[in-house]
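Every chain is named by a letter (A, B, C and D) in the order it is written, and numbering of its residues begins at 1.
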Amino acid sequence: MANLRLRDIRKSFGQTEVLHGISLDIPSGAFISLLGASGCGKTTLLRIVAGLESTTNGTVEIDGRDVTHLPPEKRDIAMMFQSYALLPHLNVAENVRFPLRMRGIGAPGEQRDRVREALETVQLGHLAERRPRQLSGGQQQRVALARAIVSRPKVLLLDEPLSNLDARLREDMHVELIELHKRLGLTTLFVTHDQEEALSLSDHIVLINEGRVEQEDSPTEIYTNPATPFASSFLGAANLVAAVVEDGPGGPVARFEDGQTLPLPEGCHLRGPVTLALRQEDIGLFAADETLPDGRATLRARLGTRVYLGARNRYVVHLGDTRLRVLSGADRTLEDGGTVQLGVDPSRIRVLPAPDG
Amino acid sequence: MVRSVPPLLRLLAWVFVALSALFLIGPLIVVIGVSVSESRFIAFPPSGFSLRWYQAVLGSDTYLAAAWLSLRLAVLVTFSATLLGGAAAVAIHRRRLPASEAMATFFLSPLVLPTIIYALGMLMLWSALFGPVSLLTLWVAHTVIAAPYVVRTTLAVLADSDPFLEEAAATMGAGRLQRLWLVVLPQCVPGLAAGAFFAFNLSFDEAVVSLFLRRPGLTTLPVHIYNQLEFSPDPSVAAVSTIMIAITVALIVIIDRILGIQKVASS
Amino acid sequence: MVRSVPPLLRLLAWVFVALSALFLIGPLIVVIGVSVSESRFIAFPPSGFSLRWYQAVLGSDTYLAAAWLSLRLAVLVTFSATLLGGAAAVAIHRRRLPASEAMATFFLSPLVLPTIIYALGMLMLWSALFGPVSLLTLWVAHTVIAAPYVVRTTLAVLADSDPFLEEAAATMGAGRLQRLWLVVLPQCVPGLAAGAFFAFNLSFDEAVVSLFLRRPGLTTLPVHIYNQLEFSPDPSVAAVSTIMIAITVALIVIIDRILGIQKVASS
Amino acid sequence: MANLRLRDIRKSFGQTEVLHGISLDIPSGAFISLLGASGCGKTTLLRIVAGLESTTNGTVEIDGRDVTHLPPEKRDIAMMFQSYALLPHLNVAENVRFPLRMRGIGAPGEQRDRVREALETVQLGHLAERRPRQLSGGQQQRVALARAIVSRPKVLLLDEPLSNLDARLREDMHVELIELHKRLGLTTLFVTHDQEEALSLSDHIVLINEGRVEQEDSPTEIYTNPATPFASSFLGAANLVAAVVEDGPGGPVARFEDGQTLPLPEGCHLRGPVTLALRQEDIGLFAADETLPDGRATLRARLGTRVYLGARNRYVVHLGDTRLRVLSGADRTLEDGGTVQLGVDPSRIRVLPAPDG
């Protein structure tokens, strides 16, 4: 358990710079997610922290000590790989014991106790004698987790550890990881491309885009106040709509390409071409002749395809030439192809600079 | 997945199985048959049954000397080819040898190399560089031919292994030598074992290079068999051949017991 | 993925590269050198430069007859081994031959088979069954040795291919023969090509079996080279060897142009 | 376009019977999903319809004609495989043209027109000359789709065609498949293990469990009225809770192991041990001292781990020894570890027979 500090990390492969100067300050015991699309550099950053990749520039400090030039085996870390990387010729208990043996932690008897404890933590005590290949994917994943926590590393690094599991198992593991982190309090760096996973697990999310930190904040903050169009579309899959902000009689309004306008919150200071981020669940769907609840602004749109999701419906609606996706409860079903009203609470609209301005 | 096979292909496949059974296994059975013949001449079908030719072989100093040479040579070659070939496989797998792609292609060469031409060139080269040929010459020549098989079998095993194992070991605190010993070597074992098996057999059975590099005191078992056949053919040749077949079969059984033949076959 | 190689392994890998360069390529260069020598004797380094030994080879009826026999044999073997081996590979891949696992293992046999013993047994078996040996005998023997290589190269290609392609073609209306011709065959092509290449070389260069099955009028090029070396060694042997090396290199270049060497090397 | 009729299909592999007599009647132009866990036999059933697998018993009729013993190439079908099964040595246009060539549909000129049209339908007209290996997974998937529809087969068979795509692309493909089916009206049989996909796409869902039809109905009906505990947990991932139904003063009540009771809807006729299916989104979370809205029954439970999902929170709550998952809006956050009230609308509770009774 220790803090982790990255200073202006740059990394080039040949001519290509994949990390353009990343600095992070991670307090002791925090659970941080590095979130981004594949190829954004998040895994490279994790590997630099592990010492598996050298840096072109910048320093890595663990617990106040500069480890930039130490090989991985000299850093007090543990890492969990996407492929789990269990040693196939060792059984489960031997795999979990491996870091203790290598780091010379404890006498053999104590090592056995710690292995047993770690395996019980992940509920696999009964499989200690099995070979990795005899286990299911979910069980292998737990063995890898036990092996990562058994040595109580200063920093725990997780590289998309859940991406090979199916949806149901992943959901269960989210709860277990949260509970495990609460109990052990290991400083954890978690790499993922799955926004829901990042939101679920972390104290703090670092959103990475093309080798740069795009936004860095708590899950609630980053979800409710994304700072850029990229953040909006990546987190929560918001609809991005081009519009022009003008001053209307009652404050700023956004004008869409089909001429309709939408009042914006008072605090909006941008003018000219912008991108509006509208979340799927923040748009209400109403029949053309319905009266909207108070406080909701209205837009007229054409209803497209309905996708039934059980608890909810997803509609495609056409606002001029723009396709918007709207989530609505399953209680009411609207007619395909007709005109509908979109009810939007102005306070839920995020106004972001247009991509090219 | 399609499980049926078009009838035409099935017919051809069975022709191949039949041909192999008759003309691959058949000759070996003939040799075994002749070895227990009572007759003084090599003839098939054999007449009578006796083990006299086995006695003759085991009582012959020249046979035993040739066998001892072949065995020493095969063990040396197995050792050197496995060591060098295994190391080269790891280096190629990690793309750390120059033009690893080209190297991988290059390792087809033993299959492509005209052995007789190679043997002639090796004789001339060695004579020009180092003088008379010796056991060392045979060792080098067989190693150069055998090591590529070890490279191939080990590469096949490495291709199926998790590329992150060694990194994972590093993050768990394993240093260089520990990773080599506890991670890399165990990964390679099935490929090394298969390659070692091939290297041993290849050296133990190789006739052409050994024939060109022979001189008094440097006669391997296959060369001795050849000489015997040329100058005084008798069923003792079949008896020693049967012993060689038995050794090969025994090696296969041992490898199967230790590693499982599937692992080796698929590498 | 780990890209670095432990220093010890790197050293061994480089020893292997050096050994191969010196003792695998070296002998071939020596042969080529001797072939352009002016001297009447085989000696290295060569003295002077002349193409007279090439003229001698191309003007010699016995060389040309042996070359013609070897070429016909190699073409026949390539054809039969590719056809039978390819069919067997498909059947094994679809687990339609008895004990396909065992078969796959069995196809290691040529590498394990003591060639000299096999050659002896083949001679005795054929004589007992069919009388005197002929081109057919060599054809069968070489096919049985070469086809397993085709099986292996084709199996390697099939292992990487989508197992549902043929079924998909069936759901698109393709009948049996159309699937064989338009789906299965194109899938196998790289493996068949590699296997055909090996089969051609193996037959064209094979010396031991051909030596045992030789008789007047059935002398292949490697056997003729051996005879020449035994009884009247001169640099013409080096000249014909150089031509054989050139043919092999030309085949590699052709295959590379058509298929890309990577595909072939990896199969 | 044709109807498809299966009569008592049975299939054994060796000693194991994997399909125990399945009968289905699929009207012309319908979009039917075969939904089930992996290994339930749904893919085997699809392959039997395609003719790729023989039946042990039963008949397959397409358009009134018995095709049970016809090989696949003689059935007027098209099938899309999970691996796409594009022919690697043919380019995109040649792949799409393959079924037309094989079935001898149209002159070369007409074939070219139909290929162009099919590729434009999937928005890949510009990639006609590429080889499959030069395409992304999503593009390959579209080529396979174009190839499946180009011959306008009587029955279109889809074997988990979207399972290799990432979440965002899959969501887009759902909309496209719905629109394509509306336009072409091909009788379609769709195999999937993903309940949301089945709900989204189909007119009708056939839920398969261990080689038998577990339930068969429209998406809305099967989602809101699952007939068995298996259907409840598979569709919508409901919480299954063991309880005993007793007659209370105001009608039937369910008593849980910790003694709390919950009123059940009037129409419930089961008595004794039952399984209650409670959907994650049908359980309201309220503070211990809060007054619940009318009509909601209440249970006291202990709050466990919270998983933040952006638009919503998922809570784990402990009702006695039973863990329930509850979805609630992100607006309110409750304290970890305290006692809460679960508010349940009795009409949303599904009462199902207990597994062993």
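Before moving on, here are some points about what is shown:
By our rule, a contact is a pair of C-beta atoms (placed from the backbone, for glycine too) under 8 Å apart; a residue touches a chain by one contact, two chains touch by 3 or more.
Keep in mind it's a predicted model, so treat the numbers as computed, not measured.
Between chain B and chain D, the least number of touch steps comes to 2. Centres computed as Cα averages put chain A at a distance of 55 Å from chain B. Note: centroid distance chain A to chain D, computed from Cα atoms, is 27 Å. For chain A, the set of residues that touch two or more other chains is empty. Across the assembly, chain C contributes 164, 167 as residues in contact with two or more other chains. Because contacts link each chain to exactly two others and close back on themselves, their graph is best described as a ring.
Counting only pairs that meet the touch rule, the chains in contact are A-B, A-D, B-C, C-D.
Chain C meets chain D in the complex at residues 161-162, 164-165, 167-175, 178, 182-183, 186-187. Against chain C, the residues of chain B that register as touching in their complex are 1-6, 8-13, 15-17, 19-20, 23-24, 26-31, 34, 42-45, 83-88, 90-92, 94-97, 101, 103-106, 108-109, 111-118, 120-122, 124-125, 127-128, 140-141, 143-145, 147, 149, 163-164, 166-167, 176-177, 179-180, 184, 197-198, 201-202, 204-205, 207-208, 222, 225-226, 229, 237-238, 241, 244-245, 248, 252, 261-262, 264-266.
Taken together, the chain D residues at the contact with chain C in this complex read 50-52, 71-73, 75, 77-79, 81, 83, 85, 87-89, 98-99, 102-103, 147, 151, 157. Touching chain A in their complex are the following residues of chain D: 168, 171, 174-175, 178-179, 195-196, 199-200, 219-220, 223, 235-237, 279, 281, 305, 307-311, 314, 316, 330.
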